[in-house]
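Each structure below appears as structure tokens.
First chain A sits with chain B, and in the next complex the same chain sits with chain C.
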Partner chain A sequence: MDVSVLTEYLPLYKEAALLTVKLGLLGILFATVLGLVCAAVLYFKIPVLKAIVKIYIELSRNTPLLIQLFFIYYGLPKIGIRTSPEVCGVAGLAFLGGSYMAEAFRSGLEAIPLIQEESALSLGMTRFQTIRYIILPQAVSVSVPALVANVIFLLKETSVFSAVSLMDLMFTAKDLIGLYYDTTEALFLLVVFYLIILLPVGILGTILEKRARYAGFGA
Partner chain B sequence: MQALGLEVLFKGTNFIRLLGGLGVALKISLLAVLISIPAGILLGTLMTASNPVIRAILRLYLEVMRIMPQLVLLFLVFFGTTRALGWDLSGETSALIVFSLWGTAEMSDLVRGAIISIPKHQYESAAALCLTLPQTYYHIIFPQALRRLLPLSINLITRMIKTTSLILMIGVVEVIKVSQQIIEANRMSSPNAAFGVYLTVLLLYFAACFPISMLARFLEKRAEI
Partner chain C sequence: MSEKVLTLRGVVKEFEGQTILDGIDLEVEKGEVVVIIGPSGCGKSTLLRCINALEPIQGGEILLQGSPVKAGDKNLPVLRQKIGMVFQSYDLFPHMTIMDNITLAPRKVHKRDKAEVEREAAELLSRVGLADKAKSFPRQLSGGQKQRVAIVRMLIMHPEILLFDEVTAALDPEMVREVLDVMLELAKQGRTMIIVTHEMAFARAVAHRMIFIDEGRIVEEGKPDEFFESPKTERARNFLNMFRFQPASRS
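And then the complex of A and B:
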């Protein structure tokens, strides 16, 4: 391995990593919001919306992100919806992640026995108070492991962004291999940068999971 | 029809070609699953062994496969090993290697989880009945673990199908590549082909994964009872 090549490539990778992290975090943020909305729709059993959310969840969970991105980036402009690569990447990640987040929240809400809600109501709490003080605190702590897994999963999925010509880490690595043929150096930096992004998230997730478990009941 | 570019699909053998492209990805995922399941069962069982060295090695293997995006693994094998070791790998072969390794790791973790979910007294009771260790596993542990394992490993198949769409990025001619060819060839006659063709590909993937997901959910519900 040639150290001078590594130092030469470093700034390129740094920029690419920043893009990956930026778009990844934005996508995860939107995915979480979308997931919360979907989970709420399912939880309150809102008539028509419930059917739409169910179809969306199935469609998003049973198709790969790469194909979703191709459809958004190359397909949708033909019917007048034109997006920049950045918007497309974030939208695709939010579309994919929304369903995973919704499932995580839903499993948390479902884990709360009905008796909790009934007891709260019989104590004279309003519907809002019941959700705010009884249901949500318990549901969130049950959801945490799934949410953490989703965040890592979605960050990893950003690796297909290069398909819509975003200059992310994969794009940079492939580009440099094609241009200069320093395969070993390019791939080494690729692995290192993904580790820098993903390892802290993984470790943080493990800590969070351990802490959230204290909030669980009956365990 | 003209506006949505769906008419392209009915021209000549275009739709059959798309299906053929999907077939390439499905074939690789199926082969990878066929390798991953027995290998995963073996490694997963070993992961519950008491030998700390074996456990540490398998744990490391699992974590490495888990933390790296699958596309990075593909690049490492397709570009990295060919350069470092000087051999010649086709895209399909590298994909099969990567997805088998990844699938084995995922499967082994599922197997490990299913086995450790069996209460300790099952082992002890089996030992009290003078069953040998292989007998204990064959008659007591595996049949119980299988119940939990089945829906999860079927889910792994859909994940595998979705993940094999990545082979496009290492130049394998699969469904997206075929789509691009069809769209290019019909650029003049149907400029909107991209919409119809990519929508069809999206729905084809859905048609491949959805029934398997439903099966997994059905088995999961049954396992809970």
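And then the complex of A and C:
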């Protein structure tokens, strides 16, 4: 391995990593919001919307991100919706992640026994107060491990962004290999940069899971 | 005297085509302690759940101090504040300290001042022997301690009537007593209570009136001494006999 090649490539990777993180976090943010909304629709069994959410979840979970990106990037312009590669990447990640986040929140909500709600209601709390103070805090802490897993999964999925000509880490590595053929160095840096991004997320997630576990114990 | 706190008229509860409660009539006066017993599945727990509309009813009416208690009613949270309920499985909120478990409802529902509520909570906790547990979490408490906290959590809302749904059924035997003692104390204070229980000795000691329910109907009711000494109906006799152990005859 040639160290001088590594140092030469470093700035390019840094820039690509920033793009990966920026688009990844934005996508995850939208995915989380979308997931919360979908989980709420399922939890409250809102008619019509519930059916739409179910179809969306199946569609999103059973198609690869690459195909979803192609659909947004090449398909939508055909019906007049044009997007930039950045918007496409974020939207694709949100579309994919929304269903996984929804399932994580839903499993958290369903893990809270009905009697918790009944206890709160029998104290005279309104349904809103019950959800705000009793159900949600417990549900979120039950969901934390699944949410952390989703964040890591989605960050890894950003590696297909290169397919819609986003200059992310994967794109940069492939590009450099094509240009200079320093395969070892290019791939080595690719692994290192993904680790730099994902390891802290994993460690932070473990800490968060430990902290959130209190609600997992029985009443 | 004889101020009616709770009135049930012809209450019918059906669930999936089955009749759980089949026309229950009941009046509870202020300060009265009513104990409900009956075989498992007879509808006694369902009856308590209907009284604070955790279960909708399909017939009859339930009046709390004259106001109808109806599932789905806008006024329901206000009425429920006057109906305290303690469940078999205590159901404290696991993510909150004991103090927060107790003070959440008075602070959010009654909008009472935090410091003032915490003073009352501390006093109630010390009355049930748990003054040192305010900062603990539910998981750190024994079943009996949790159930006493659940009782305090209900009392701090100053309910007009207290409902106890087999509150000692999930407890180890040595913890049953500490919970029953708290309930006896409440009865002595003249609280209006409806108690569903399988603790017959306790029932006899605390009740002003016994009610025996079977197959969704009130089969027999009466003063505890009469009820336990000379039950009028066959079904009540058979039920009470299950709690008496005859020496096994050996051949």
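Keep this in mind: the second predicted complex is superposed on the first by the 217 of 219 C-alpha atoms of A that agree within 3 Å, B and C clash if a C-alpha of one lies under 4 Å from a C-alpha of the other, contacts with A are read in each partner's own complex, and residues count from 1 in each chain.
Here, contacts are C-beta pairs under 8 Å (C-beta built on N, C-alpha and C of every residue); 3 or more make two chains touch, one makes a residue touch a chain.
A quick note: this is a predicted structure, and the numbers were derived from the prediction, not measured.
Peer 1: After aligning the two structures on chain A, examine chain B and chain C and state clash or fit.
Peer 2: With chain A aligned, chain B clears chain C, so fit.
Peer 1: Identify the partner contact of A:Leu18: answer first if only chain B is touched, second if only chain C is, both if each is, neither if none is.
Peer 2: neither
Peer 1: Of the partners chain B and chain C, which touch A:Ile55 in the superposed model: first, second, both, neither?
Peer 2: It touches nothing on chain B or chain C.
Peer 1: For A:Lys156, decide between first (touching chain B), second (touching chain C), both and neither.
Peer 2: A:Lys156: touches chain B, not chain C.
Peer 1: Touch check for A:Ile46: first (chain B), second (chain C), both, or neither?
Peer 2: Neither partner.
Peer 1: In the overlaid three-chain picture, which partner chain does A:Ile207 touch, first (chain B) or second (chain C), both, or neither?
Peer 2: After superposition on chain A, A:Ile207 lies in contact with neither partner.
Peer 1: A:Pro137 contacts which: chain B (first), chain C (second), both, neither?
Peer 2: Touch partner of A:Pro137: chain C, not chain B.
Peer 1: Roughly how many degrees, to the nearest 10, is the angle at chain A when you join its Cα centre to the Cα centres of chain B and chain C?
Peer 2: 100
Peer 1: Is A:Ser122 in contact with chain B, with chain C, with both, or with neither (first, second, both, neither)?
Peer 2: A:Ser122: touches chain C, not chain B.
Peer 1: On the superposed three-chain arrangement, identify whether chain B or chain C touches more chain A residues.
Peer 2: Looking at chain A, the partner in contact with more of its residues is B.
Peer 1: With both complexes overlaid on chain A, what's the closest CA-to-CA approach of chain B to chain C, in Å?
Peer 2: Superposed on chain A, the two chains' closest C-alpha atoms are separated by 22 Å.
Peer 1: Which residues would you name on chain A as touching chain B in one complex and chain C in the other?
Peer 2: In chain A, no position sits in both the chain B and chain C interfaces.
Peer 1: Which chain A residues qualify as touching chain B in the complex?
Peer 2: 58-59, 61-64, 66-68, 70-71, 74-79, 156-160, 162-163, 170, 173-174, 177, 183-184, 187, 190-191, 194-195, 198-199, 202
Peer 1: For chain C, which residues count as touching chain A in their complex?
Peer 2: Those in contact with chain A are residues 52, 54, 77-78, 80-85, 87, 89-95, 104-105, 108-109, 137-139, 146, 153-154, 157.
Peer 1: Sort out for me which residues of chain B touch chain A in the complex.
Peer 2: 3-5, 67-72, 75-76, 79-80, 83-84, 158, 162-163, 165-166, 168-169, 176, 179, 191-199, 201-202, 205-206, 209-210, 213
Peer 1: Could you pull out which chain A residues touch chain C in their complex?
Peer 2: 113, 115-116, 118-126, 129, 133-134, 137-138, 141, 214-215, 217-219
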